[in-house]
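In the two assemblies presented below, chain A is common to both, partnered first by chain B and then by chain C.
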Partner chain A sequence: MLNYVIRRLFYMVPIIFCVMVITFFLFFGLVNVETMARTQLPPRASQAAIENWLHQRHYDKPLYLNMPGVQRYQAGQPFYDSLFFANIYDLATFNFGDSLATNRHIVTMFKEGAIPSLLVTAPAFFLSLVLAVSFSLFLVYVRASKLDAVGTIFCVMLMSIPVIVYVIICQWVLGNLLRYFPAYGFSLHGFDAARFLALPIAVLILNELGSDTRLYRAIFLEEVRADYVRTASAKGLSPQVALFKHVLKNGMINIITLTVAALPTLILGTLVLEDFFGIPGLGSLSLTSIRTTDYTVVRAVTYAGSLLYLLGLLLTDICYALVDPRIKLK
Partner chain B sequence: MGRRSRDLSLLLVLLSLLLGLAGCDNNPNAAPWQAKHADGSPWVVSYRAFPEDPRTLDPQVAYDELSHAIIYLVYDTFLTYNPLKTDYELQPDLASELPVMETQPDGSLDYLCKIKPGTYFIDDPCFPDGKGRELTSADFYYTWQRMADPKTECPIVSNFSDFVKGLDESMAAAAKAGHFDYSAPFGAITVVDRYTFRINLKKPYPQLKYWLAFPFTTPVAREAVDYYDGKEHDGVVRDRFRVHPVGTGAFKLAEFKSQHFIRLVRNDRYNSLKFPTGGWDPAQEKALRPYAGHSLPIVDEIQYNIIREIIPSWVLFKQGWLDATTLTKDTFSAAMDANHQLNPDYQKRGMKVVKNVELMTWYFMFNMRDPVLGKNAKLRQAMSTVFDTQKENEIFYNGLYVMAQQFLPPGLFGYDPNFVNPYRQTSVEKAKQLLAEAGYPNGIDPKTGRPLQITLDVQAGSGTERQAAEYEQSQFEQLGIRIKIQENLFSAMLEKQLRGNFQFVLAGWSADYPDPENYFNLLYSKSIPPDGYNESFYSNPEYDKLFEQMSTMENSPQRLAIIQQMNQIITDQCVIAPLYNQVTLGLLQPWTQRVVVNGYVSLFGGPRYSVLNDELRNQERAKLNAKNYWPLIIGGILLAIVVGVGIRIGRKRDA
Partner chain C sequence: MNLPYWIQDLLVALALGVAFLLLWLAGKSDRYERQRRRFLRDKVGLVSLFVVTLFLAICAADLLLLPQYNNDGFHLSLLDWCFQKVPQETSYSAPLAWVDAKGAPLNGRHLLGTDALGSDVLLETLKACRTALLIGSLTSLIYIPIGVLLGIIAGYFRGWVDDLIQFVYSTVASIPVILLLVSILVVIGKGIPQITLALGLTSWIGLCRLLRGESMRQAGRQYCEAARALGQGSWKIITRHLLPNMMHLVVINFVLGFSGIVLTESILSYIGVGVPIGTASWGIMIDSARTELNREPSVWWNLAAASSALFLLVLALNLLGDALRKAFDPKAA
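Take a look at the complex of A and B:
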């Protein structure tokens, strides 16, 4: 098992390197550093101010290689004294530097943003798992009835609505018309936090519920038709017990393996939702940095997102290996 | 029976859980810093919204509106604008009197500046014993040094170096040495005594007084800059100076949670400014008279919620949780009726509309180096004449914007309300005639025999921006010419404008300070990029001469005459085609008053003068936020029915 994990980690190294190179191209290859400076400085910044801005951030270096003839060549410096190598080194050492727009330390910004993001995504993740499993079991329980059909239609309906519509409807109905919850805002103080989190969590659950239920229903239906369930029924086990004890258990193996990939990315939060509900998490940080052309923060988010995604894939593979003995860990 | 009661109780638990959550308060605002004053009088909080974080609270660095909004309140500027005047009259703030330009016996020029004694920095651990010390002229000396320090990254210091002595030398020395030597002689400021200093000038620079009303030149305490270095000391990581202001302003920064919330609390020691004693609109006499001569600030605390989206901020405003809001295109239709009047519902509530004509002009900017447009004034005149601005205003801006006839926006010295631009009176016929005179009869290029093609570069944006570009295209194409719309990313657009790699674009200029020089500089030949932002690449020796003359003059009839001449040149040659002056609309809750009469001036610490009726606010909020529980009960019952039916179906099949 350990061998397998280590091998998988090694496989990730070239992928991560590719991610670094692509991130560099996206943020330095396509955008001139001078333009980057201009987007941050006042509209009438002088050339001297731009040069100083670049100098203070060590951006006054050649792009790929420090060689005679290239722009911003620095005589006396080694060939690797370039933006490209500095960028790879920074990403490899998780030294994301400071935000261009606010000059705050990016790692601190990440630490501050992770908690609010997790406060929304983690409860929503687990609650929607529980709700979708319950709902799908209910549909399996009433399978092939009219209620099942209605439920399925309902799920398809839930699936078809984009998240922004849920946001607006929930905010309008629950926040504006019924006024059960604050329409916007955030707090970290105990029960006060729950007031603010209820709406965004509800929206996330609504957004997930339809597709998850459809998927889990399919998984459970397959299990229900399996031979061992028929054997159990033949031996006199009541359908409820067969459903809750055996079908649920076996179905959950598939479900957990499917959902575990999403776990690491929970920390990144949700883009639009956080923005609309005022959750000061990493999702809204990403969106704000895109709006303010804060390249260093967007770069850090992109890189961290890729790493977390890779981690999710790794977790999935390990889960498969753990729960299904048929997968040999060679 | 047992199973059924278990189901029932489960439902009851669920329902009560929902009810419990729904029973909670929907107030999104944080609790006040203090419940009451020590003497039992109410502690009044003003609730406002910000669309995003201020970028920095370092006065020498900040240049964006949001950062400035906070900096004006926690720091104080040397001069400030009179809150009740619309003509940008400056008055002393930290100063004891307006600075005067002097000529020394040796012929050198300077501004003599005097500060009020008895102004104190707020208490802060950066000072010995944590007690704020008095502000002196040495603080101004240090602040100007700090501006010249490359590490500070003051973005406008090079604009000053043309006019203020000593900056270039100090900056060059710092660049050479790799650090700024604060003990070296510094020529920009001369400290005369504890409360008097001189700003030494290379040449007259009347615009300097506007810069003295800006945060860039606001004094900071060296103790604070050195103390808040963002590093670890004795196991504690200190803030960076840019998030930890230590000022002399009307408020202190109590909390700053990035992306979320800012809280300012009154500075009891503040005494630089008082509430005006008169001069307001007579209609406000009753509301404002009680505050005449009152010490500032009037409110005890300001809370800024960072609200990035329009819908939630509109919802919170409607519920009374925000004291004011800005109307956007999206909320305009919700707040106003078809005749652009406030909706009767909101009128009944007592809400007030606030209209601001901004110091901003939108215009078509022609590239004067372009071989087609740059050399042909008649062609530019034709394009300017054919364009129907009023229609565009109605379609895209709710008819709100002010139609512009000239480069300068209303309110600036030199703006002529009666000026009629002959090429901004929309007429397709006249435009066609001009086009024929330009050598393109019916829009046909005689060289190719095909319609003349011109490219309009626009920044890629939302659907509305694209629609506006299409409208503009259709307007010009009435002439028979072809307009190609080229969409660009922000960075590409910037690049093109700086390199002169375009034919014409839609441009907007928002005044940095209320002086016409700020506008006319955009067409000055020495401001052609990379030296400045003359992105029309206009170069006219006659205009340059006039500009050089007017830029160093104080406002006077002579200056006005020169400005009129310059305006005439711009108009005749049609270097730009002025379109609109931007207008913003705000809505005020019935419990607030508009005190500062001008939108631009209110950016300069306007909330210091904010007044509001707390009692009325509490009553209104209670009315606006009453709750209704029946939808919840109906929802619960429906859920119970569905579950019950399901259980029955299942059981029937199993039986």
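Take a look at the complex of A and C:
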């Protein structure tokens, strides 16, 4: 098992390296560092101010290789003293540096944003898992009936509404018109936090419920057709017992292996939702930095996002290996 | 670009002609006899096909330019021409109201009211069809060839080709989609071509993965082995045997992916990296509703019109995709 995990980890090294190269290319290769400086400095900043800004952030280096003839060549320095290698080294050691706009440590910003993000995404994740599983089991129970068809179309309807519309309507109707919930803001103090969080969590669940239910329904239907269910029915088990004891358990294996991949990325929060409800999480942090062209933060979020995604894949692989003994032998 | 206006008309007619020819050929061929009959029995599928065709017709009507000019010196489209009689107002007005938000009398009645600039919301909503469908179809034109080609090659040849393609798509997939899209768009700028490119470069992975698995399965089947034993080349086997046997997956993925692209466009517009301001877009209309709803009295018709149109299109596409899947693979649905 440990062997298997280590092997999977080694598979990820080239992918992580490639992600570093892509993020470097996007944020340094395509955007000139001087342009980057100009977006942050006041308009009509002098060349000296720009050079000073670049020097403070160690951006006054050649782009790829420190060779004679390239821009900003520094004689006496080794060839790897370039932005590219510095960038790879920083990302590999999780030294994300400071935000361009606020000059704060990005790692500190991440730590502050992770808790509000998790407070929204984690309850929404578990609640929507429970709701979607129950709803899809119900649809499987009444399968091939009118109710099933109506339920499936209802799921498609839920899927077809963009998240922004959910947010705007919920915020306006429940927050502004009926005043059941505060429409905007965040607090970490007990009951207050729950009041602020209820609406975003509900919207997140609504947004995911449709597609999740359909997916789980397909998984359960696959199980219902399996031979062991037929055997159970032939032996006289009632459909309810067959469904809730046998199908549910076997289907849950597939569902958990599928959903476990999403667990690490929960920490990143949700981009649009947090911004709307004023939750100071990582999602609204990334959106703010996109708007203020704060390249270092966007780069760090992108990189952290892909690391977490890969971690999710690793978790999936481990789950599969735990469930299916044949995989370990490969 | 100073091309004569009828070149665009010609292109639109050509594209529509090709699309209908393909549909007609697919419907006529004996290969899909059973699937066609199954699809024609599905009422939900037929209705959604009708709705999608309606949206396509509106989009085409807005793409067809007429030899007439509007006040700004641009060519009128067929859609503009239909709405020629609708007068321009100066500010918000509620649906079917006689006076605008400030109490001034209106030049005419508007079925869905008017927006901040006094334009008819119904016309704006219909014009946004063009943006959505254009982005959807151009993106599909980019990502479907990439996904099909890479997926089939990976599944058919296996070995190092498969490893390489798998590596490329795992890398791209590992970067969060929205952040990757935003990063690309922040760098290359706003505009429909840019969005199309960015979406095209990020959406092929699902299709590629699907076709890789499927072609692995199909390549082991007897008909492929028979073709190989008879001495057919790899390229012939891929185009003559594998591709036709997977075409339905491509079509279903195209229809379902289309709805995803339309939804993503609305999110990108909200983030501020979507289509440029001034383009009719449901995303921008929905986004502007955030401030409009809090006006006194609140302006809800803009949001209602845009989100219902978006909802209707995406719902129809999703249901159509489902109906097609049911027709091709009744066991899976």
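Here, the second predicted complex is superposed on the first by the 327 of 330 C-alpha atoms of A that agree within 3 Å, B and C clash if a C-alpha of one lies under 4 Å from a C-alpha of the other, contacts with A are read in each partner's own complex, and residues count from 1 in each chain.
Basically, a contact is a pair of C-beta atoms (placed from the backbone, for glycine too) under 8 Å apart; a residue touches a chain by one contact, two chains touch by 3 or more.
Everything numeric in this text was worked out from a predicted model, so none of it was measured.
Chain B and chain C, once both complexes are superposed via chain A, clash.
Looking at the shared chain after the overlay, A:256 reaches neither chain B nor chain C.
Contacts of A:18 after superposition: chain C is touched, whereas chain B is not reached. In the superposition on chain A, A:168 contacts both chain B and chain C. Within the superposed three-chain model, A:31 lies in touch with chain B and with chain C [touch as defined at top].
Judged by the touch definition given at the top, the superposed model places A:302 against chain C, while chain B stays out of reach. Of the two partner chains, neither chain B nor chain C is touched by A:193. By the touch criterion defined above, A:315 lies against neither chain B nor chain C after alignment on the C-alpha atoms of chain A. Between chain B and chain C, the partner in contact with more residues of chain A is B. Contact with chain B, but none with chain C, is seen for A:39 once the two complexes are overlaid on the shared chain.
Contacts of A:293 after superposition on the shared chain: both chain B and chain C are touched.
After superposition on chain A, the stretch of chain C whose C-alpha atoms clash with chain B is 276-284, while the remaining options among 42-50, 60-68, 78-86 or 276-284 stay clear. Residues 31, 168, 172, 176, 276, 287, 291, 293 of chain A touch chain B in one complex and chain C in the other.
Put simply, chain A touches chain B in their complex at residues 31-32, 35-36, 38-39, 41-49, 52-53, 55-56, 101-105, 109, 112-113, 138, 141-142, 145, 147, 168, 171-172, 175-187, 194-196, 198, 238-240, 275-278, 280-281, 284-285, 287-288, 291-293. Against chain A, the residues of chain C that register as touching in their complex are 44, 167, 170-171, 173-176, 178-180, 182-184, 186-188, 259, 263, 266-267, 270-273, 283, 286-287, 289-290, 293-294, 298, 303, 307, 310-311, 314-315, 318-319, 322, 332. By the touch criterion given at the top, residues 14-15, 18-19, 22-23, 26-27, 30-31, 152-153, 156-157, 159-165, 168, 172, 176, 218, 265, 268, 271-272, 276, 286-287, 290-291, 293, 298, 301-302, 305-306, 309-310, 313 of chain A touch chain C in their complex.
In the complex of the two chains, the chain B residues touching chain A come out as 21-22, 24-30, 52-53, 55-56, 63, 150-151, 153, 155-159, 230, 240, 242-243, 257-261, 305-309, 311-313, 315-316, 318-319, 490-491, 494-495, 512, 530-533, 625-628, 631-632, 642-643, 645-646, 649-650, 653-654.
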